[in-house]
C-alpha cells in the first residue's frame, strides 16, 4: 500500500467513524448515568429523517441539524419516561424505539414527500459541505505532513470537527466537573447521589437528553453531511456498532475515539478491498461485509470480558417497591 | 381492470418498481382507465395477493421481480382465464407472459460509454445487494468497457449482503470515494437507494456517474453520463394496453426492441462527444446485428472478463 | 409515651404523627418522637419494625404519608435529602451509600461541591478532611478507592460525609453490625465526643448492650408503632427486650455440655488464592467433631466467607485451592465439585447473605424451601417435579419454624428479614446434615427470632451433628460455641474454649495479636487493617 | 401480601397497555390523513372475516409462537435473546439441508427430520453467544445482534454460491421434493369434506407450535431444569449457592431458545415456501420479543399474543394491499405494543395498584 492509499483509507475511516463516534459518546453519557441504550440506532435514524426533511424545507443545514437533534430528543424523552420515570426495562424500551423510528420515518416520509420514505435530495446550503482548513492547498505539496493536513485533516464537514471536539469535551465534563462527578456516581450507585440530596431522576434525564443531542448530530451528519438526503433505514446498523464500540471502549471517552476509529477503519478497508485476495483463497465479499460484526464478536469475546459496565447500569432506581 | 403488483422493494424504489408504476400511470393518463396496485409486505403474501387479484377479476395482472416466479408457476394454472405478466423472470405457463430484459446489453453500452468518457482508464461499478442479478449488470458493463479499453480497469464493489444494502447511501458514497482513490472517474451504480448516494457523491467529487433502471440523468444534470434504462414502464404500458389479449410466452426486451437502452436527453447532451456517440452507435449495431455477443452472467454464473 | 425530660430548650428533633405505607405494608403508624438536643438517643425494635423507614423519612429519603417534622422547634418540610442536609441532619445508612470506585474525597464532596468545577472542591475537602480526622480520630486516606477500604473505614467515610456537611444531628442505622468490639468502642468514643460538643445523635441497634452502654434515652418500636420512650438509666435489657417483642425473652442460650464424638470435618493446610491473585486463606487447620459447635469469630473480610464458600462447594471463580478437606474420613475434592455434590455428601449450608444467596427472592416460600434440594428424589415424579410433595414439605417447615405469615405462596421478598432467615434455617437444619455450615445466622435478626434459631442449632448439635458457625457477633459466638476459633487474615489465630475465653482475649486475636505469645506472629503486623490484605 | 389481584396483574394490565398502544396508533393513522376506523375495519375483515383470512392469521401466529417462546425461555434464564431473527434464518438452512439431501419417503417422516435440522441449526446459532456470555462475559444482547447480521451474510453466501440451482436468478434453494410438502389445514379440512381456508399457508406446523407451548410450560414450571432456569434468571449468586452451574444453564437455555426460534423454519420454509429464500424470517424474530413481553413470559400468554400479532400482520397486510396506508404502519404498531406492554408497564401498573389499594382499604 502506498502513502496516498493509506491517506485515502484513513480519510474514509474518519468520515465513517464520525456517526459511530457521536453515537458512541451519546451512549457513553447515557450508560455512564446508568441508563442502557440500545435505541441509538433508532434515534440516529429518526434524527436523519427530521434533519433531512427540515433541511430540505428550509434550505438550511443548520436548521436541519436542530431538527435532527429535536427528532432524537423526542425519542430520548420516550426512553427517559419509560426507563427513568416509569422504571421499565431499558433494553425493551430501546428495542421499541428502534422499531418506532424505523416505522415512523417511512410513514411520515411517505405522507410528506410521497417518495416511499425517501426525502428529496438536498443541495447547496441544505447540506453541510466540506470545509477546507486554512493553508490546506498551500501545504499539500509538503511531503509527508502536507497530504496528511490537506487531505486527511482538512476537507471534512463541520460536524466532523465537532465530533472530534466532543471527545476531549466529554472527558473534561466527566472527570473535571461537578456534573460529571454526579453523572458517574448516579451510574454506579444512585442511592449515593440521592442521599447526597441530588435528584437521581434529574441527573439521569440530563444524561439521556445529552445522548439525544449527540444522536441527533450523528443522524444529521448521516443525512446532511456525508450524504444528501434521507433514505429509509439509512442508519444501517451503525447504532449497534456504536454500542459495540462503547463496550470495547469500556465506557471511556478517549477509548471511544480509538474504538470507533477501529470500526471506521475496518469498514474503509472492506470498502477498499471487497474481495480480499489472500493468495490461495479469496475472501468473499459477504465475509468482508460481515467482518465488522464478526470482529465485534471476537473483540467482545477476547478483550472486553473484563470490561465492567457502570454498576447500576440497566437497573431502574427503585426506592420504594 | 388490469392490476400491478410491486415487489418488496416498493413502489418508490427509484428502480424498476417505480418504472413499472410510471408505465401504469401513463396508461391511466392516456386511456382514462383505472387499475389496481398492490405492494408486497411479506413473502407469504405473494400468493395471497395474486389470488386475491385474480379472484376480483383483474386482467391482466402484471408483477415486477423474479421473486414472483415460483408463486406464479403455482397460481397461474388455477386461473386459466386470467392473463399474467411477470417482469424479470421466465414462467412457462399458457396464460403467462414472461418479460425479460437483456440488462447485459444495456450495461455493455454503459461500459462502452464509460470507457470513452474515462480519462484515467479506470472506472467503477457499485452494486447493491450481492446477488446474481446484479452481477449480470456488472458483467455486461465490464464486457463493454474492456471491449473498448482492453487495458483499462473496472473496480467492483457491492454494498452488502442483506436487503439493507439497497438503502445505504452513506456506504455507497464511501465506496465511490474509495474507488475514486483508486483512480476511477466514471462509476456505474446498480444499487437502488444506495445508488442515489453514489450519484450524489460522484457529483460532489465532480466525476461522472451512470444511473440504472429509470432515467436518472436529471438527478445531477451534466454529471450523470447516462442511465441504463430498462423499458419496464413500456412493458407495463403495453401489457395494460393489450388487456385480456395479452400474448403469452417469453418476451425478450433487448436492445434491438428498445427494451434496454442508454438514456440520452438534455441533461447529458453536453457530455456526449461525437466519439462517445459513435462508439455507442457502433456497439448498438454490433449487438443488434449479432456481431457482438454479450455474455449473460446468469446462464453460467461466470463472467468472461474480470 | 413521652416521658423524657427536654429541659427548657426546644428538642433537636420532634416527630409528630409520622405515617408511611409501602404499598400494603404500613411501615410507620402515627409515630411521635422527641429527641433532646445534645443527647444520644437509641432506637430499638424487631426486624421490620420501621426504624430505618422512620429515619429515612427524617433524612428526606422517603416522603411520609402524614405527619410533621420539627427541627429545633420549627416545623420543616423535608421533601428531599437536600432539605434534611440543610437542616443539619446527617445519616449513616444501614447499607452504606458510597460509590465504590470513587475515592474517599470524591465520595465526600458528592452533592456538596462548591461550584461547577471539581478542583476547588477537592482541595477544600482535603484540608477539611485533615481537620476532621485530627479532631475526631477519623483517619482515612483521602485518595483511597472506597472499594479497597474495610467496612469499618467505609463507615468512617460515611460519618465524615455527614460531618463535612456540618451535620448537627447524626443518625446511625445499625452501625456496629460490621465492626469489631474494639472498632465499636472507638466509634462510641467518637459519638460521645460529638455529643459533648452539643451534637445530637440517633443510634439504631439490635444490641441491647450497646444501648445500655452509650445512650441517654431509648425508644422502642414494634410493628410500625412507637411503643415506648424511656431514659436509659431507668430501664434494663430484659425490660427493653420485653417491650420490643411484646413478651419475655431469654437472653442466653440454654445448652447442655457438648458430647463430642468422632471428627466429622478435618481441614488440613487449606489455602486459597482468589482470581485477583490475593491469598485469602493462608493454611487453615481445623477439626469439627460430631456433636460439637465450632464458632469462628473474626472481623468480616478475614477469609470466613471464602472458607464457607469452599466448604459449601462453590469457591470463587478462578480461585486456586490447595490443601485437604475430609468429611467423615473421606476426602472432598477441592475443585470440580459443586454445591449440589456437597449437599449430597451431607453438608447443609445457611449462607451469610440470605437475600442474595440463600433465597430466590421472587420465588414463593414453598419453592424456596426446596431450593438446593430441588433434585432430591422425594421431590421428583418421573420427569417432572412433584410440586405437591414440595408444598407439603414446605408447609410442615413453615409451621415448625413459626414462619410468619404462614403462607407458602407468598414470595420470599415479602417476608421480613427474620422470617426469611427462618425459611433458610428450616430448610438446611431439617435435612439433618452431618455438618451444618452456618454464616451470620442472626445478622439483623430480632431477639425473638435469634432465640429460636439458636435453639435449633443447639438441637442439631445435641442430635450428634457437627456445626461450623461463623459470626461477627462475639456474643453469639461465646454463647453458642463449644469451641471458638478466631480468624484473622486468612489464618486461625488461635482456639479457645468458651469458658476460658474473655472478650478482651478474643478481641486481641481478632486484631491479629496473640496474647498468649508475647511477640506478634510473624508476617502479621498488628497495625494491618482488616481488608487491607488486598495489597499483599 | 400482593398489591393487586392476580387477574389484574396478568390480564388487566396488559390489556390496558394494549389499548393505549392502539390508541396512539390511531393517532398516527389520523396524522397521516387516514381513518383509523376504516383501517380497523379493513384489518378485522381481512384477518378474521373469512376462513381465508384466518388461514393467514394462523400462519403468522404459528411463526410468532415459536419466536415468542424462544424469547420467553431465554428471558426466564435472565437472558435477553434478540437473536431470534438470525436463529430462525439459520434454522431455515437446517430445514433446507435436511430436505434437499435426504430422500424422505413421506412428509410424516420428513417433518421430524426437518425439525431436528431446524432446531439443531437454530440452537447452534445461539450456542456461540451463549458460550461467550457464560465464559467470556460478553453481553448476549450485543452478540445476538451481531449474529443476526452474520447470519444474513452467511445465508446469502450459501444461497447464492452453494444452494442456488444453476440458471436461477433467485438467491434461493431448489424446491423441496413433493414428498416433503406438509399438508395444509385446508387439505386436512378437505379430508373431512369441509372447504376451509383454501390456498392459505397455515399447515400442520400449527399443531407443532401448540405442542411446543405445552412442552415449554411443562419445562419451565414442572421440571427440575425449568426450576433451575428460573432460579438462575432471578439470582445468579443464589444459583451458584444451590449448585446450579451458570454456564450450564446459560448454554442450555440459549440452546432451547435458539432451537425454538429455529423451529419456526418448519412453518415458513418447509410449510409455506417449500424452498429456502433469502430473508424468509421477515422480522418474526423481533416480533417474538413483543410476543413474549405481551404474553408475560407465559406460554398461554405467548399463544394469545402471537395470535394478536398474527392478526396485526395479516390485517396490516390487507391494509397495505387495499388502502394507501404503507406497511410500515404495522412496524409502528408493533413498536408501540412493545413500548407500552414492555417498557411502560409501570405507567399502567402503578395507578392500578393504587386503585386496588384504595379499594381494599375501603373494603377493609
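As written, the chain order gives the labels A, B, C and D, with residue 1 at the start of each chain.
The working rule: a contact is a pair of C-beta atoms (placed from the backbone, for glycine too) under 8 Å apart; a residue touches a chain by one contact, two chains touch by 3 or more.
Treat the numbers as computed from the prediction; the structure is a model and nothing was measured.
The interface with the greater count of contacting C-beta pairs, when C-D is set against A-B, is A-B.
For the pair chain C and chain D, the distance between C-alpha centroids works out to 47 Å.
Measuring from the averaged C-alpha position of chain B to that of chain D gives a distance of 36 Å. Taking each chain's centre as the average of its CA atoms, chain A and chain C sit 46 Å apart.
Along chain C, residues 23 each make contact with two or more other chains. In chain A, the residues touching two or more other chains are 110, 117, 237, 286, 289-290.
Multi-chain contact residues of chain D (touching two or more other chains): 149, 152-153, 156-157, 326, 330. Pairs of chains in mutual contact: A-B, A-C, A-D, B-D, C-D. The touching residues of chain D, when paired with chain B in their complex, are 56, 59-60, 149, 152-153, 156-157, 160, 164, 166-167, 169-172, 175, 199-201, 268, 272-273, 275, 277-280, 282, 313, 316-317, 320-321, 326-327, 330.
Partner chain A is touched in their complex by these residues of chain B: 10-14, 130, 156-158, 160-161, 164, 167-175, 177-178, 181-182, 193-194, 196-197, 200-201, 204, 219.
Of all residues in chain A, those touching chain D in their complex are 38, 78, 81-83, 86-93, 95-100, 102-104, 106-108, 110-111, 117, 237, 240, 243-244, 247, 284, 286-287, 289-290, 293-294, 296-297, 300-302, 304-306. Listing the residues of chain D that touch chain A in their complex gives 28, 31-33, 80, 82, 128, 132, 136-139, 141-143, 145-147, 149-150, 152-154, 156-157, 161, 286, 289, 293, 326, 328-336, 338-339, 342-347, 350. Considering their complex, residues 175-182, 184-185, 188-189, 191-199, 311, 319-321 of chain A touch chain C.
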